[in-house]
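Notes follow once the structure below has been shown.
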Amino acid sequence: MKFIRDSLHGNLQLDDFEVKIVDTPQIQRLRRIKQLGFTYLVYPGANHTRFEHSIGAMYLSSRLANNLQLDDHKKQMLRVCAILHDAGHGPFSHVSEGVLGTSHEELTSKLIKESQLSDILSEKFNIHEIIKTINGKGSLGQAISGELDVDRMDYLLRDSYYTGVAYGVIDVERLIYNMKLDGNLVLKQKGVQAAESMLLARYFMYPSVYQHHTTRIINSMFRRCFKNLLETGEVEAERIYEYDDLDIIVAARAQTGYIKDIIQKLDNRDLFKTVFSLKLDELENPDAVFKLGDEEIRRIETELCEDLNVPEGYLMVDVPEYPSFDEMKTQVAVEDDIVKLGDISTIVRALRDARFNHADLCIYIPKEYANKTAGFQFEDYIEIPD
Amino acid sequence: MKFIRDSLHGNLQLDDFEVKIVDTPQIQRLRRIKQLGFTYLVYPGANHTRFEHSIGAMYLSSRLANNLQLDDHKKQMLRVCAILHDAGHGPFSHVSEGVLGTSHEELTSKLIKESQLSDILSEKFNIHEIIKTINGKGSLGQAISGELDVDRMDYLLRDSYYTGVAYGVIDVERLIYNMKLDGNLVLKQKGVQAAESMLLARYFMYPSVYQHHTTRIINSMFRRCFKNLLETGEVEAERIYEYDDLDIIVAARAQTGYIKDIIQKLDNRDLFKTVFSLKLDELENPDAVFKLGDEEIRRIETELCEDLNVPEGYLMVDVPEYPSFDEMKTQVAVEDDIVKLGDISTIVRALRDARFNHADLCIYIPKEYANKTAGFQFEDYIEIPD
Amino acid sequence: MKFIRDSLHGNLQLDDFEVKIVDTPQIQRLRRIKQLGFTYLVYPGANHTRFEHSIGAMYLSSRLANNLQLDDHKKQMLRVCAILHDAGHGPFSHVSEGVLGTSHEELTSKLIKESQLSDILSEKFNIHEIIKTINGKGSLGQAISGELDVDRMDYLLRDSYYTGVAYGVIDVERLIYNMKLDGNLVLKQKGVQAAESMLLARYFMYPSVYQHHTTRIINSMFRRCFKNLLETGEVEAERIYEYDDLDIIVAARAQTGYIKDIIQKLDNRDLFKTVFSLKLDELENPDAVFKLGDEEIRRIETELCEDLNVPEGYLMVDVPEYPSFDEMKTQVAVEDDIVKLGDISTIVRALRDARFNHADLCIYIPKEYANKTAGFQFEDYIEIPD
Amino acid sequence: MKFIRDSLHGNLQLDDFEVKIVDTPQIQRLRRIKQLGFTYLVYPGANHTRFEHSIGAMYLSSRLANNLQLDDHKKQMLRVCAILHDAGHGPFSHVSEGVLGTSHEELTSKLIKESQLSDILSEKFNIHEIIKTINGKGSLGQAISGELDVDRMDYLLRDSYYTGVAYGVIDVERLIYNMKLDGNLVLKQKGVQAAESMLLARYFMYPSVYQHHTTRIINSMFRRCFKNLLETGEVEAERIYEYDDLDIIVAARAQTGYIKDIIQKLDNRDLFKTVFSLKLDELENPDAVFKLGDEEIRRIETELCEDLNVPEGYLMVDVPEYPSFDEMKTQVAVEDDIVKLGDISTIVRALRDARFNHADLCIYIPKEYANKTAGFQFEDYIEIPD
């Protein structure tokens, strides 16, 4: 028996088997992966890690299991899945994910199979069932990776606590209490409002935190730096889940030229500025923006660099993250029927309609070049596919 | 004008001059220095940094200045001192301080003089007055570095928030409201209870957080590792305030032998175990323990390593931090007189009497050697000076 | 100078003039008027009063005034208006308001003119300007009684704190910071999201707290009891702002028959049950329901009582509160223009569309009669006007 | 199954049997008994009631029972005792208790025996065991009424929450986790610090809240008013647990003369002023002050009224509450022994020594008489017994 004191949920208890999992280097590494990557440059309190989040998700999965009246074995399986669900995350979490082109779920599966975790887990569980659940499949998969999963509940609360942005405060008690197993995990009708509220929490956290304008600039800078670093061979993409945040930053500092320059700018918070912004909700077909391929974007950047006399790599075209609203698909038990949340909730539909409200395609360059761009016709360079 | 969102104190406002200071690499580096060093291995939420603490102290100094009715110039001086007061901290804050043998106050003074900070500060202030104040001297020095300073107020609140240990929750409003300038900063008699409460907060935070048993093991391990690293020349002591936490850890990982082994143990939370503990409050003269010199301790360790057949460096004798209670000296205005808090408060005197309650001299070794030590007479090796 | 410790906002400071106002019996009475009426029968922590809310609104009006850079006189006027804004509330706040047919704003104006408040206020202010502002008129009226006023900000936060329902947690800092005076009080475009979030907070608080199903039953019971009590002459409608919650309850207990029975049921939480519910969002024209006059409702009740053999007064038809969304009208400064929030926010429009989602017309009777109603065709009795 | 939302502890679950107890008029009455009497005149948020406190204590008793690994029957017995433990409280809780001369524990026992509670409880439990436990006897009695009981834990947290005074924030998790059953409920040695911290919380709450100077004036006024009211026969002492706060206040308002005058002063917060204060810690034998009998105090008051020409009843001599520190007696398991907390804790001993620090005997009169007393030798009238 062991206790871990969590700043959000209080004293959390783990049994010996769970301690064995938590004590592997694979899970301990998560103590050195920031939950929100470089967001601490915008919200100085956002230094929390994937480790505490995973333990927090474990706690919420217990509460959900209690409410679903799962037996002890199934309950522990859920807890273990929650501990493991982010183990495959590379440094700086989602920021590196985009560059690598592999999802952290795939990496987590691979990591579990290839490491000592597989031996420990086999003592009590079927590895394949664990992996399936972590990937959102099977009857309990939705609890770990679904529209209203414990992952999301924990991160909304936690990100609010550490950033100081109140939007993520959700009613976890009401949500958990209003779930039931009906083949899959479904929401009772009485829980619709709590689900709406959670969806709204995410909606408001997006422009304030996850896609905060400055965060997007920082992420663009880091992604470019990280990509170049991968190309040097100093960091190996296929071993990404062995590195922590520190490895990558210090490896970048040890380089010369572009990589060193960008990491130094990040260290000193000497950030690029936005010189152009194209609001998606003013476009006729906003979805088209997301069809812009990497190659096309590089081409636009190269053209702009030439015409503006900015060195290659110092002008970045940033397409926003696609605003997905999976909560639309949440299954709700209405009388004898199962319907989709999006079909019965005006609010949820409104959020889908509003999904491009805060989205814009942006162009960033270092502030010393910013004055060159007054009156420049950026729009002429951007051709959006049909 | 700029706002920084603090998870404790809300939206904090800075003017252009203050932004210029905060935006220097010297202050930005503090974003990468954890406030509580390796405490995140014990309390997983304790990832907060010297940066947010410094901004928080700035905010509290404003409130104190308002209450003391200082003019705008003096108020900003206090704010600036609060921003700067930790700028000289080396990586992992106090853990490295002990190894280096230089206080962070000295280093802060040196850093200010030698960096661009000196030019920026000179625009509005006398550098010597700034440095004096940061070092606790002059009429406002006690506000920044005294018994009841804004530094202490902020760190107690902040460490409570991030560790989840409630003990540090203090009544900042009552404390600040009950201070006045009378030559020096003194406490009004009505504030005695708030001061007692703050002193108790610190007293309770010591064994729970600052000198938590596991934290002490970790710190002993890291200090040894860090000391050896300094000896390799890869890290230079006189430039210590240019490094961040990452630099040191990654530098240690790049070594071989002992240094690499210890940092790996820390990374994997594979910690030494306590095999012996000598409670100070059971000694006739506990103070004598603190006279044990570094050389003497090394000698004891060497003897023990030989007799237990443990390799050099893998047995650590840890003398606890000396429990100081400077708050005893807090000046209190009682009618027309100024007296010491320790002279009028039964509680404060009790705390001084209880100061060795939680203190013990410990011996740590890796767990794989721990079974060798059953029944071993450690006490025979420890000779406490008179 | 005086401090009042508020559980939400901390130590709040009042000057001598403000203390004189707060110390009148008219304002002290508010300590005995519960902010949420009988809601404490649903959320046992909801015992907070109009007094603490008024002081809290005073505090928020200061922060707004600071942000608008008002001079000291105007700032104090706002503070004073906030202290006074609810002085005319009758016992149990809004629950009695409906029965009396006079708004609390009118009563507040009358009370100020007729009491010693008028003399005190005249020392520093023009009474007519105070009353105008409290009624939402003049350049600062919107700050006290508008769509995004300090009243609403304080009550959302406060009702959340005391009920334990998290939905009301709003970002007051961002809201206040994003307001400006432009003839009237208008919202800057950057504040749209904070305004949306506040609107949503209200939207979610409605079914959870303000129009919670059990709260509606309780309010129906109390209103009927209160109406009968007025008819006895024991309580005088025109002096309603001289009574407190206690007066009314104890006066009802002193009666016999129906009044005593209902108040006893409320005391013992022996509540009526819902035997019929007509969801407004399933009607073709939900707005028509609100055209049902008092007389018509009484007629339906009488018919039902007869046919169900339930004594008169023990069957209640409850038309829900009309869900107004004044925030739609919030003025937002967009570039050089002033537009309405409802015109630029998808979310706000969705809320208007969803305004009947949680609304239903209900029929309540004591539980001992409830079994008589199985299969009864209540819908046949309800004729909704075109 | 039913949920009650508590603003402190979240959603609390009750089974049908517990709901039956809670739904009795005896427990529902606690919704109308303020936990801290008239403290809301000092801290405007202190409107919380015995009802929510009792439900909160029920919740904590569950957590304690889980930790002690009690079986379901014993666990529910503890929960039920917690729900009932304050049922005998008269209006305004402890303020009336002193006047009546009967403890609320005795009244609770009597109430349980004489009401329907006895029938309900008998379905599952032995009434005598319930009453014994509520009175702190038997192996589980200390959990409900002991030095570190769930009552105290809940009220410290709750009183802090509603007054906004942070001192009562205690580490409930550590306390509960460090208790064990060893014949009686005893504290493990590891819990000593948590117990010290709770003791300190109480120590600090005394002068700030429970014996706040203004609270003492108010309580003196109310007690006098209440005593006179009992003498009129309008309120009957032996039925005290049938009244609520409202009954008493409205009954007093309905009187004439002295009673009406005092209750009006309380309603309007027109409070007596302190004209004399004798600090107990400056006396040689402070304990003697508590030997002053009621008769002796009345005699002093009468003499003073005559000599100061103040009408009878308008001068009050107030002996402070005796500062008991029962926590001294907490049993602590130290190795194989059971010792008293006071014997092993320096802090606890210091608190006993400091127990008269904030205590003073005071004299209050209405402010319109206060100016008559300048230079008056009150001390000549007070003769303290040996």
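Here the chain labels run A, B, C and D in written order, and each chain numbers its own residues starting at 1.
Criterion: contacts are C-beta pairs under 8 Å (C-beta built on N, C-alpha and C of every residue); 3 or more make two chains touch, one makes a residue touch a chain.
Please read all numbers here as calculations on a predicted model, not as lab measurements.
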Requested in this report: Would you pick out the chains that touch subunit A and also touch subunit C?
Outcome: B, D
Query - Of all other chains, the one whose Cα centre sits farthest from subunit B - result: C
Query - Pair sharing more residue contacts (C-beta pairs) when A-B is set against B-C - result: A-B
Report task. Report the inter-chain centroid distance for subunit B and subunit C in whole angstrom, where each centroid is the mean of the CA atoms. Result -> 50
Requested in this report: Express in whole angstrom the distance between the two chain centres, defined as the mean CA positions of subunit B and subunit D.
Outcome: 40
Report task. Go ahead and note the Å separation of the Cα centroids belonging to subunit A and subunit B. Result -> 34
Report task. Two or more other chains in contact with one residue: find those residues in subunit D. Result -> 10, 165
**Report entry** Residues of subunit A defined as touching subunit D within the complex
**Finding:** 3, 10-11, 173-174, 177
Query raised in the report: Which of the residues in subunit D come into contact with subunit C in the complex?
Result: 4-8, 10, 23, 25, 28-29, 31-32, 34, 40-41, 43-45, 47-49, 51-52, 55, 161-165, 245-247, 249-250, 267-269
Query - In the complex with subunit A, residue positions of subunit C that touch it - result: 165-167, 169-171, 193, 196-197, 200, 204, 207-208, 346-347, 349-351, 353-354, 357-358
